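In what comes next, subunit A is part of two complexes: it sits with subunit B in the first one and with subunit C in the second one.
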Partner chain A sequence: MNSDSFQAPSPRLFLRKNFLQLFHALKQLGYQILGPVLSQGAIQWKTITAPEDLPIGWNDRQEPGSYRLEQDSHSRFFNIIHGPESLKPLTFTSRETLLVLDRQDHTFSAKEIQPEIKPTAVLGVRACDLAGLAIQDRIFLNDTYPDPYYEQRREHLLLVAVNCTKAHPACFCASMATGPKAQYGFDLCLTEADEDFLIEAGSRKGLQVLEQLTCSLASEERIIQDKERIAACAASQTRRLPTANLPDALYEAHDHPRWDQVAARCLSCSNCTMVCPTCFCHGVEETPSLDFQQSEHTRVWDSCFAPDHGYIHGKNFRPTTKDRYRMWLTHKLASWIDQFGTSGCVGCGRCITWCPVGIDITEEAQALSQPSD
Partner chain B sequence: MTHNPYLIHPARILERKQESTDVVTFRLQLTHSVQQNAFRFEAGQFNMLYVFGIGEVAISIVSDPDEPAFLDHTIRIVGRVTQILGHMQIGETVGVRGPFGIGWPMEGAKGKDVLIVTGGLGCAPVVGAIEYIFRRREEYGAMTILHGVKTPHDLLYRERYDGWRHQPNTKVLLTSDEPGKTWHNHVGVVTELFDDLQLVPDNTLVMMCGPEIMMRVACNVLTHQGLRPDAMYVSLERHMECGIGLCGHCQLGPFFLCKDGPVMRLDRVIPFMGKVGV
Partner chain C sequence: MVETQFSPYRKQPRVAVVKFASCDGCQLSILNLEDDLLALGAAIDIAYFPEASSNMQEGPYDIAFVEGSITCPEDLPRILELRQQTTTLITIGACATSGGIQALRNWSDIEAFKQAVYPNPEYIQSLSTSTAISEHVSVDYELWGCPIDKRQLLRVLTDLLQGVSPRIPTHNVCIDCKRQGHVCVIVSQGLPCLGPVTRTGCGAICPSMGRDCYGCFGPAEHVSVQPPGVPPNMTSLAQQFHQHLQLIPVEMVRRFRGINGSVQSFSKESDAWESK
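The block that comes next holds the complex of A and B.
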């Protein structure tokens, strides 16, 4: 994690042909390395051992309701912006066995399950995902009840960010002030060009890695050039969330007719909440053994779009898709701010891309922030 | 792991009282002395009760906080977990995780008149507060307990209401929407009982529990009688699964009712109460 007192040295140049050094340095420090890897028609975080494992020669084309990977002739390592996974599954796992309980006569005992965690370096983290992780930190590492499972996974991460120099049509990080430049929470940060990378450390841990690499000092000109490429990426984004007064507008929009319109399209499938870097709803599954002598107490991701999310003995507080969509959007963009001092949206655009019917959160927020006729 | 908020501690059923066909009150005691000695709670807080192999359910603690070695819980058999829990017997073991949430303002109510308004079946969360006051009777002003049910059959704790009537400086009024032949109390909705009360608005604190719509209406009527919204407290119910504000189910507007509630000061929650679909 980033250290507050850390003074970052100026960025250096790191040649593409030396990139394997980064793998060696991380490995030497005991890290397993995860990176974006082609998998099932998308990319996922998978173990990688060399730059060749990265999706070189592939592009992602994302738009509402569509994610396609395409091949071309480029040789960049991090040309694909992102897949359905943010960093969330690495810290707040989709399934986590919390306890195993054993029955003895008239009583039982509960045993905490220690998660098996290896120090893990993640290569190719985007600014929006760092922002998402920072929000999840606020949720799971709060003062009263820090989540010990999340905490342990989080402590074992080393994050190598990549600044975005291109955006896909669903991106709107610029309007959320979370990207395209990685601003905090990384250990190392790369800006990729054809022949080399601008590389900077964001923590002592990152600097320790950086010192193992053959680098040269980056020229002022080059630093400015990369800043401009990132700024151009921000400027290319067409979607934005209306941020002024949005929370109040949404709280007051309870009876807005737009909810009916969006509910008529929404499949209540939960895809948006699964791919969201910040959504944190979960439930607990109890799985007893066949002989009923042992039981596993497992946390699993839940979603406010699930039919029983608002269910309580015989009554469902949010029985319709309209109720659930309103719950999700109002929480994400309004009550989240009351709860955690930040919006629940980082502008990664995943909920737009991975929505089977292409519902666009920015469009809905825009419509809902306008008074109904 | 240090401070694992998910860890479940075994507790033995010491006593069991059948309140009605589908309501049971258990007295529990944590099995291990370390947990038993460390356990402290406040009136209106709840525990997550666990049944081996079945799961957890949020139930308020109704016993006295000054005797934290005993944890009384009233359970209505309504769902998957309570179906099993409600039929458990003395000597069997349940799991306890807690206490969680923010309870009734017992300190803030000291020296004041207290008006209790409950409706329907869900009055258990306020029973702890009532008993708390009667055990410290001289610290509180006049007590008024109003309870409305749909039919006389729905009246739980009949003996307790009768007992409370005999407490000093205490008024107990019951009402039923649909009275039977044996009903000798008021007929109608609970808010009708307000008319004959001589409340001192500046010195009255209200504790309420029941259906949200009933509480919303009751709060409106009381506001008209001069009671301030910040002197009224309501106990709210939502799906609670983790007890620590992390699982997301119990949200009401900006609040996690398991962590910010279940007892909420009315002025904070009134915009969200009784709304359809929230």
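The block that comes next holds the complex of A and C.
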């Protein structure tokens, strides 16, 4: 999206008290603005119209199987690291009606449903979210069968990233080289400090917005300082995936006893795949009208943990939880690389936090890459 | 009725809606199909539905929807007779499908209840258990829920009218919950949600209100293609409730012994916690 040769100007300093200007600039360019908003005990992407809508004074505490919001006296806008939603629901929607079929005597006609898509600016996107989106781009925007629904939504996005200067215990982007600094795919990128933001443009679109803002040139000292804060965030991460030779290790681990141990805990509930920014499985539902004159053809999120995902006429190839967990982990961390040239994991930690029983992908991968005896 | 080359019915199928021990809520779900009632009336012949019409015709029936569980001696001949009169028998709701909330009596002393509640307990003719229809006769399709989901009912009828075997989805509530963008109440609030092990159907109503699912659509099936399905991992979820959400054993028993407490995968779990 933002790949055409673009020379980013050096970072500027943007005062917190001027932040409303960013809203005005985006609005003027016709964008609706989404940002992290306190919702149902977490944050979710919702429409925002002013900085006050952001979760000021709140932090998130994440652990395997647990997410809690906590209040303190800080005044930062983007202190909550992330919620269950990556960018995925904004581009690959959980439910999309594709066609309506109409019966006429002995034939039928199909009407394509065109979704209504508005230009959308998203504020507070994390490096891992951008990395996840880049992976979904490879899947949905491949040369052979680009997905028109994804494509339209994707083209209408303007992404304002925020570099992470702190991580929660489930994060392991540093070991996946996807964060905590946003490296690509953003239009604007912020590094938040108490009084101001370091702001940089990552695309022409972003620069166009940046030019509307009252900014000053950031000092070399400040730029280095922020780099160090981001590096400290990377260093604070305790989880990591064993990345060297992991695919081979996992292929060899096909009969590892660890699969049985994790299957005894796993609920096969699909939460991990639903929150994962890169999982793309979907199914298609057909909903006929009672008189059978019309039918709606709808795409919905599916999961390799769902009961019928491995069902092919007459046989379920993955009947047990062990089969399914092995499928998920081996695809995500090994065969994904063969398929798409990249790991399917960006280290966002969502599958760890949002697993109802707190299964930890890094711990499982670690155990599986050790010999069984 | 619209005829297609596939429909197994040459004329409108004769449909009965029959009640056993129940609250009538599932029958009301049929009447709540407001938008589709006219089309439904055109597609089927409602031969027996006392809740809706005093015109009650005798069998045989092409399709019977059965609400309620077997709780009284006279229920037994009635259900056998209905089965004989019916081509496709479909249970509707938790009571008919698993025994319902009244199956809590299966763990207690019915005689003691009678003595405590009624001035003349000798008039009460009641079986000591409440049981699912499938424990007495063969059942063709089961619609779970307390009450059922009217869209599921409509879908089953639509499929039958077209000669398609109804495929009632068996995945869990979590998938619907996440598709709809609700934040998980186990993870964000520490509530003992049964969504991971409960069957789809309601559209994740409880989590959408910030509440924990209590399993009213029965157990999700882990493998659904060959009935009876394999139940999901109740034990691991129970461990999580106990160890991380600090539910004590008596709360664990209540959690798994609810509206569908009699269905085996739930009762196994509640019985296990009762002995702890």
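Quick notes
Following the convention adopted for this analysis, the second predicted complex is superposed on the first by the 372 of 373 C-alpha atoms of A that agree within 3 Å, B and C clash if a C-alpha of one lies under 4 Å from a C-alpha of the other, contacts with A are read in each partner's own complex, and residues count from 1 in each chain.
Keep this in mind: contacts are C-beta pairs under 8 Å (C-beta built on N, C-alpha and C of every residue); 3 or more make two chains touch, one makes a residue touch a chain.
Just so we're clear, the structure is a prediction, and the values are computed from it rather than from any experiment.
Because the two structures share subunit A, they can be overlaid on it, and in that overlay subunit B and subunit C fit beside each other without clashing.
Of the two partner chains placed around the shared chain by superposition, subunit B is the only one that A:Asp147 touches, whereas subunit C remains out of contact. Look at A:Thr342: by the touch rule set out above, it reaches neither subunit B nor subunit C.
Across the overlaid complexes, the C-alpha centre of subunit A sees subunit B and subunit C at an angle of 70°, to the nearest 10. Of the two partner chains placed by superposition, subunit B and subunit C are both touched by A:Tyr311.
By the touch criterion stated above, A:Pro288 is placed in contact with subunit B and with subunit C alike.
In the superposition on chain A, A:Gln32 makes contact with neither subunit B nor subunit C.
Touch criterion met: A:Lys322 reaches subunit B, while subunit C stays clear of it. Judged by the touch definition given at the top, the superposed model places A:Glu112 against subunit B, while subunit C stays out of reach.
With both structures placed on the common chain, the touch criterion links A:Phe280 to subunit B but leaves subunit C unconnected. When the two complexes are overlaid on their common chain A, residue A:Gln21 makes contact with neither subunit B nor subunit C. After superposing the two complexes on chain A, the shortest C-alpha to C-alpha distance between subunit B and subunit C comes to 6 Å. Under the contact criterion defined above, the residues of subunit A that touch both subunit B in one complex and subunit C in the other are 288, 292, 302, 311, 319-320.
Listed in rising order, the residues of subunit A touching subunit B in the complex are 98-99, 101, 103, 106-110, 112, 114, 139-140, 142, 144-148, 251, 254, 280-284, 286, 288, 292, 295, 297, 299, 302, 304, 309-314, 317-320, 322-323, 326-327, 331, 334-335, 338-339. Residues 2, 4, 36, 39-40, 42-43, 154-155, 157-158, 161-162, 170-172, 174-175, 178-190, 193, 195-197, 210, 220-226, 229-230, 232-233, 236-237, 239-240, 244 of subunit C touch subunit A in their complex.
Only residues 1-10, 12, 31, 52-56, 76, 78-79, 82, 91-93, 95, 237-239, 241-242, 244-249, 251, 253-254, 256, 259, 271, 275-278 of subunit B touch subunit A when the two sit together in their complex.
Only residues 39-42, 44, 65-68, 83-85, 89, 94-95, 264-271, 274-275, 287-293, 300-303, 306-308, 311, 316, 319-321, 353-354, 356-358 of subunit A touch subunit C when the two sit together in their complex.
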